[in-house]
Amino acid sequence: MEKGEVNSGFIFPSLPNTLSLVAGNGEGSNSLNAFDRALLNAGVGNLNLIRISSIVPPKVDVIPLPRIPMGSLVPIAYGYYTSDVKGETIAAAVSVALPRDKELCGLIMEYEGICSKREAENKVVEMAKEGFEMRGWEIDKIISISSEHTVEKVGCAFAGAVLWYK
Amino acid sequence: MEKGEVNSGFIFPSLPNTLSLVAGNGEGSNSLNAFDRALLNAGVGNLNLIRISSIVPPKVDVIPLPRIPMGSLVPIAYGYYTSDVKGETIAAAVSVALPRDKELCGLIMEYEGICSKREAENKVVEMAKEGFEMRGWEIDKIISISSEHTVEKVGCAFAGAVLWYK
Amino acid sequence: MEKGEVNSGFIFPSLPNTLSLVAGNGEGSNSLNAFDRALLNAGVGNLNLIRISSIVPPKVDVIPLPRIPMGSLVPIAYGYYTSDVKGETIAAAVSVALPRDKELCGLIMEYEGICSKREAENKVVEMAKEGFEMRGWEIDKIISISSEHTVEKVGCAFAGAVLWYK
């Protein structure tokens, strides 16, 4: 921590230092159970998701989803779409733009809608680029993930960027 | 903490270990004040609610709402419904399914709508059962709470599951 | 901490003790980028906002937005409005009512809509008064902030109340 900087450690001993992209889809008898199924499919169904808008702390490691104890309070940015229109194809995607300058933060963007996963992912990558242009920052790389679901009864597509600690 | 497990303590020294169900309803001159009134009626109106999706950590104690300092940042899963249709009956409910296997987590479900509290509570209990079926887990018990409100000007029905510490 | 009081320190070593009002507006090619631009304009675009409902802990200091490390997980109450109707004027406002009795908490209210910033701010001040009337508490003072935006392509108006630590 730089001298004179406000201490974030009052809330958290340190900022999250890992980032993991996850995605999933699923069916339920109603939209909340379908959302729950999509979360399970993505590997985050037994965690307490705390939705954030939508910044990656500097110098995170991008890793596969770590083993996180059930019920943990986990910061996550995500997109999801639920539909009860049989046969409809829905999708969700998140992208992460990581900066060339490692002192800067990354930016997470989310998108969801009645579209293919390819369309969702293209869209969300453009959004991350726009966010970096606004900041006047150079992108090191963009990573993304998406899911797609064709509805049977009630379906959900979900994609998220999990922040955690190692 | 098991060997090799990711340390959740970087965010919180320990997972929440209590669960309290609360419900309330009320009127205001607009939907946000009606929501505030319903929170006050439920006993959580002077807390900072952080909405979570929607897991009960293993081995929590189910207790009446403890005394929590005003302004605390409190993890909660909740449902609510506001309406400005005079005479309309609205309701909100949450249920919690607790597992037979005490190493597993519990699941919170929320429901809200233009219905009676009995209907909302029946619905949300079915949703919790469906969530446990998806996981292939056995239920020890399901608890639930609900509120109902008949709108005068602008009304709100609220129900929530508060996680906290003892 | 009073004897017998539940220890909030299991989540946070202490309650937030500063409050800062922020507001901004901006344009993007879509609503999420417009929201991001409004956050940047307000000075909180590189933080992880965790939305809370909507209490000011007792005895906070009202200060200008402190320097907070990028990516920090920051509790905030906020209102925002996005529109893609060219020429439409949109606004968002937050107000904070602070109590005469310094042992009590303050109350944050949010409002957003198709209106001027003056209208939004008037509205949100009335809402804060109503919240204190519900509690039977006396107001020491009300502070507020607002933003206004006339849409070109896709625009966003944003106002928020940041809780933090010093």
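By written order: A, B and C. Residues from 1 in each chain.
To be clear about the criterion, contacts are C-beta pairs under 8 Å (C-beta built on N, C-alpha and C of every residue); 3 or more make two chains touch, one makes a residue touch a chain.
To keep track of the chains, here are their UniProt names: A, B, C = Pyruvoyl-dependent arginine decarboxylase.
In this text the structure is predicted, and so the values were computed from the model without any measurement.
Asker: Assign the assembly's chain-to-chain touch graph to one of these shapes: line, ring, star, complete, other.
Answerer: complete
Asker: Subunit C and subunit B are one sequence twice: same or different residues at the contact, by the over-half rule?
Answerer: The interface is built from different residue numbers on each side, given that under half of them are used by both copies.
Asker: Quick one: report the Å distance separating subunit B from subunit C, using the average Cα coordinate of each chain.
Answerer: 24
Asker: Can you pull out the residues of subunit C that are in contact with at least two other chains?
Answerer: Expected reply: 12, 50-51, 75.
Asker: Quick one: which bits of subunit A touch subunit C in the complex? Just the residue numbers, please.
Answerer: Going by the criterion above, the answer is residues 1, 4-8, 10-12, 15-16, 50-58, 75, 104-105, 107, 109-111, 127, 130-131, 134-135, 163.
Asker: Tell me, which parts of subunit B touch subunit C in their complex?
Answerer: Touch list, subunit B to subunit C: 12-14, 28-30, 32-33, 35-37, 39-40, 45-51, 66-73, 164-166.
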